[in-house]
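Consider the two complexes below, in which chain A is the common component and chain B and chain C are the respective partners.
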Partner chain A sequence: MSEQAPTALASDLRQDATGIPVLSGKGVTKVFESGGKKNVAVDHVDFEFRQGELVSIVGESGSGKTTLVKMLLGLTAISEGDIYYMGTKRDISTRGKKKEYWKGIQAIFQDPFSSYNIFHKIDAVLLDCLNMRGLGKLPKEKKLELITEACSFVNLKYAELTNKYPFELSGGQQQRLMIARIFLLKPRILLADEPTSMIDACSRATILDMLLNLRNETGMMIIFVTHDIGLAYYISDAIYIMERGKFVEHGKADQVILTPTADYTKRLVNDVPKIHQPWDFSVNFGK
Partner chain B sequence: MKNTLKQVFGSGQFMMGFVIISLIVLTIIIYPLFNPGNPLERIGIGTFFKPGTYVSAFDTVNARQFYTLNLPDAEAKRVGSKLSPDDRVSMMEWLVAAGVSEEDIDIEDTDSFVQLWWDTYDPNVRFDSMTTAFRKKIGRIDVALEGILEDMDVIIAKEGEDGSLAQSSVVAGSDYVNVADVANVRFLPLGTDNFGRDVLKEMISACRTSLLIGLLAGAIATLIGLTLGLLSGYIGGIVDDIIMFVTNLFTVIPGFVLLILISFSIGQEQRGAPVVAIVIGLTSWVWTTRSVRAQVVSLRNRDHVNLSKLSGHSLLRILATDILPYIASYVIMAFILQVCSGILAEAQLSMLGLGPKTTEIPTLGLMMYWAMAYTAHLGGAWWAYFPVVILIALISFSLNLMNTGLDQVFNPQLRD
Partner chain C sequence: MGKAMLEVRELTTKYITRFHEDVYAVDHVSFTVEEGKSIGIAGESGCGKSTLALSLMGYYFPPLHYTSGDIIIDGKNISGMNPDDVRVKILGTEIAYIPQAAMNALNPTRKILKFIEDVILAHDPKQSKNDIRDLARKRFEVLNLPADVLNRHPVELSGGMKQRTVIAISTILSPKVLIADEPSSALDVTSQKLVIKMIRDMMDMGFIKSMIFITHELPLLYNVTDSILVMYAGQLVESGLAKQMIFDPVHPYSKGLMDSIIVPEEGTRDVKLTAIPGTPPNLKNPPSGCRFADRCKYAQKLCKSFEVSMRKFGEVSPEGDTSERNRAYRCLIPVHELKESYDKEREGGLSS
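After this line comes the complex of A and B, so read on.
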């Protein structure tokens, strides 16, 4: 476990996070219908995520964060509204187009324990990434080299992982394996859906550290989903506050946290007493 | 994988079912090796010979060597075998009328019973309560008893060239042959059926056919049900609507009625065992489709499936590697049940006279059908149908046991 704070990197990038918009949406809505009952999980949200930014989406449980992430990924159909990718309207109507889209946008899911196929070995998971990038024809040694590099990036030893199944790892290790996967794929956008919520407190700082390193190394845009506004403030350039399917407030991290306008944001901020003081990992992760 | 197998074979119920079905299969394989030949051969002239050992009378008389044995109970046994239960009852009635207490008569103990008869019987005594017919019958029995005991040798005669009979040998009451010296002895553990066929041999061959019919029907039903269920559950939308519409249609029409109609319209001539199996399979996939679909719907939004999509896998690959393995245990269980219901469906169809063409192969259902058609149940020929019923029940029982065992391994919440 790494105890040192994830450097001053995040605050450095905060200043020049004014890239071009890579992912944006207008009136994006998701309605679940079951037995005639309508449940509006995501309700006409507008957003604009820019190149190189780290954006946090903050909301409590059931506010629709995961549903929005699945729509952004193109895993769930959108009930209403449009999503724009690299400036043009997203088109993922065919499998080929979908695959192309997924080369640019990848995800880490909330629950590592259900993220892996229990019948596939770790090797298969990592090799899939190379195939996805069109590196399937590389010689075996070269592939091994890339995979080993990815594993050591997340502090795992490939030699100890090979021929094992993901479920033989701890939750934290599984989430690190997920990051190794992203490291291999090198997408333009990474959606991290509460990647630390299901794992033990000790591993959280490590995971976070690695995500920030990843961003530092590749310059990818990260959309970080969390219910922890303190954490969001610490790492993000921009924050979107989500309440019952709606974005009630958004803007630069400082602006949202230091001068909140929505009642919901104020309540969230007040719940974190030390938010204005420097981040202390031992307090926030040690419990 | 290894662990799962260990668990499955550790389940008592599964093991028990597995052992029973294995024994049945083993018998099917091994028995014909020891008793080869056409199982449908008509060996008996006449219907429903009872179970037992059949010794050639010709070979017995012509045995190489006769042995003389003086066995003390030989006579009593001889008398006993001639006295039918009906005769014994008549004799008892006479004895009771003559004043013997009913408690003193043991109808089963031939020795004492016959002794009592000779001590008491007097042809000249007449009771008013007795009809002439009864008196005559009693008289006949008495004469027959005397005849058996008169110790007359049996004379074997051969026809000479001029047509006259000449004595060739004499068989005395104390002559014996060793069964090993008799050339033709046939053990028919379950007797013969209405066509004079060896029931055991026929039943083992029938069991093989019925199991194959069940396997084929089960494989077809499971394959169709699995394919439709996977597509319907995973793709959803219009594909789901169409498949579910068809499935609902088949649900409204009961499968068995459909089965009867199709079997009937195919006609007797075309109905070989494979055809019957195919028809059964084609009419029983509905249930599998529904349950597979339900399972797939609950799986398709799981994150491991999402991850597979994000890794660029094709639809078929996702179905084959991310969905199918997760429902494999369920599919195996469904398959076992389909095999079982396929065997039962064949039996039911055959009982209605809609089973496979009768002349070529035996099936368990056909054996039941013929036993009923020749009223074996009224004639007391239990061996023609009862073992078949037991066998069908045993197969069904063992397959269901295996299923329950699997269920407990794969759905542990059902335990206790």
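After this line comes the complex of A and C, so read on.
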């Protein structure tokens, strides 16, 4: 894929961001219609994600995060607006083009238990990645070498995984296997939709560490979708705050979390239990 | 020292698997909750937190079985009681239990007031419905819940409101102990705060006399409870006041847990998250010696062969506050040696 010059998209922040925009959107909207009722899940959002960046999209349940993720992945049609991939308008009208697009954008989902085909062994899962990257014709030893490397990257031992099924692993191991897949595929963009919410706090640190290593290793852009504002603050360069389908605030992580301007962001940050500042119960929301 | 509301002595309960193997999910656990105090239980998934909660309220239905130990609620020993008796005599008046998805416990075809009538009439069949209605109204009013909720069906309420309603229903008889098992982890942050505020109000007003709060979210525990117990592989490994446990943990496992805390506060990004390597042991055949030894970077040779029990440490504060002394941990290595290693690591981390 030829890398084209970045298009002139409005971007008031991140003047110091050096990478070229890999994924951007203008007026992206999703409307669900049923029985004449219209429900706007994502409402004219603009965004610009640059190479090598780690961006978090933070919002509460029902804010439209997952709908946006589905649109970015091309799993749901867009009602209005455009998504630009590598500077040009995204075209996924045919199956072939869609597959080509998916070589550049991959995802890790919330629930590792339902992310795998239960009839396929782990070997098949990993070999599939090589085939997708067009490495299917490599000699067997070379393939094994790549797979072993990917497994050791996420602290799994391929020798212990071979001939097993994904469901024989624990949740944390399955999520790590997912990251090993991404390591093999080396996509340009990784969409991580709540990858740690089903895992307890200790294994969470391991997963986050691996995602950060992955970014340093491959220079991929990571879009991290979460409801946990502390987690987003810890991991990301930039944060987008989503409320009822709209981005109410975006900017550098420090700026958004430590000096929020939107009321919604203030409320979110204020409502999270903290350990150095007292938890403020004084504000009353008539909910 | 206040009056002990709940005293647990060497409680041991087990699961019997379908292959007739014994799994001791709660292994010689002892602690005391005083009147007006709350205690938090933290630990990884599968460490026995929820089993402890079920054991405390006498919920011994197969595969869970009572083995040994005492559970004393306000001077009354309920251990080994028949689970059906427990339901009539203990639940509601002595102990109330709120599971994580408590809001799904509401029958969608009945109004909220009906549930309250059920709870009260189960314990006192002679109460008049008018009295119950008045009591419920009053209770809802002081807890800042709109009174018209009583005449609504569960589907008309939002998730957070449902959870608060369930808590109000289950504590309508002012139980001595409230066991809250992840009561807010299915909710968003704003609803979570309202739930916590309500629980704190109930403690202040004396509707619940003591509380056990179970969660894996440590910043939340720090803000809710007076003291914290850390559980690992069915055993307690450390106990102390919330502040001590969060900022000054002693046991290597607690230290690992506290190092994985992430909060949206200044300085969070400068600290490198550390994970505890490995996975908890299989409780079907727990390792000999310290159960954490395999994952512990401070483990010594002896750790794997000697089983240590909880040891007390800490001193009395100048104000004569004895609570400082009630710290205990389960580790072979002396406190000062552990703390020295932590300090060294912190300095090493800063310089690199």
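Structure notes:
By definition in this document, the second predicted complex is superposed on the first by the 252 of 287 C-alpha atoms of A that agree within 3 Å, B and C clash if a C-alpha of one lies under 4 Å from a C-alpha of the other, contacts with A are read in each partner's own complex, and residues count from 1 in each chain.
Everything below uses one rule, namely that a contact is a pair of C-beta atoms (placed from the backbone, for glycine too) under 8 Å apart; a residue touches a chain by one contact, two chains touch by 3 or more.
Small disclaimer: the values here were computed from a predicted structure and weren't measured.
Of the two partner chains placed by the overlay, only chain B lies in contact with A:106; chain C stays clear of it. Legend: residue contacts after superposition of the two complexes on their common chain; A:114 is shown touching chain B, with no touch to chain C.
Judged by the touch definition given at the top, the superposed model places A:221 against neither chain B nor chain C.
By the touch criterion defined above, A:231 lies against chain C but remains apart from chain B after alignment on the C-alpha atoms of chain A. Of the two partners chain B and chain C, more residues of chain A are touched by C. Once chain A of one complex is fitted onto chain A of the other, the partner contacts of A:45 are absent, as it touches neither chain B nor chain C. Of the two partner chains, neither chain B nor chain C is touched by A:211. In the superposed model, A:131 makes contact with chain B only, not with chain C. Legend: residue contacts after superposition of the two complexes on their common chain; A:189 is shown touching neither chain B nor chain C.
Chain A residues in contact with chain B (one complex) as well as with chain C (other complex) do not exist. The part of chain B that touches chain A in the complex is made up of residues 302-304, 306-315, 321-322, 325.
Across the complex, chain B is touched by residues 70, 73, 75, 95, 98-99, 102-103, 106-107, 109-111, 114-120, 128-129, 131-132 of chain A.
By the touch rule above, chain C contacts chain A in their complex via residues 44-45, 158, 160-161, 188-194, 196-197, 200, 216-220, 222-223, 246-247, 256-257, 259-269, 273-276, 279.
Partner chain C is touched in their complex by these residues of chain A: 60-61, 170, 172, 200-206, 208-209, 227-234, 253-254, 257-258, 267-269, 271-277, 279, 281, 285, 287.
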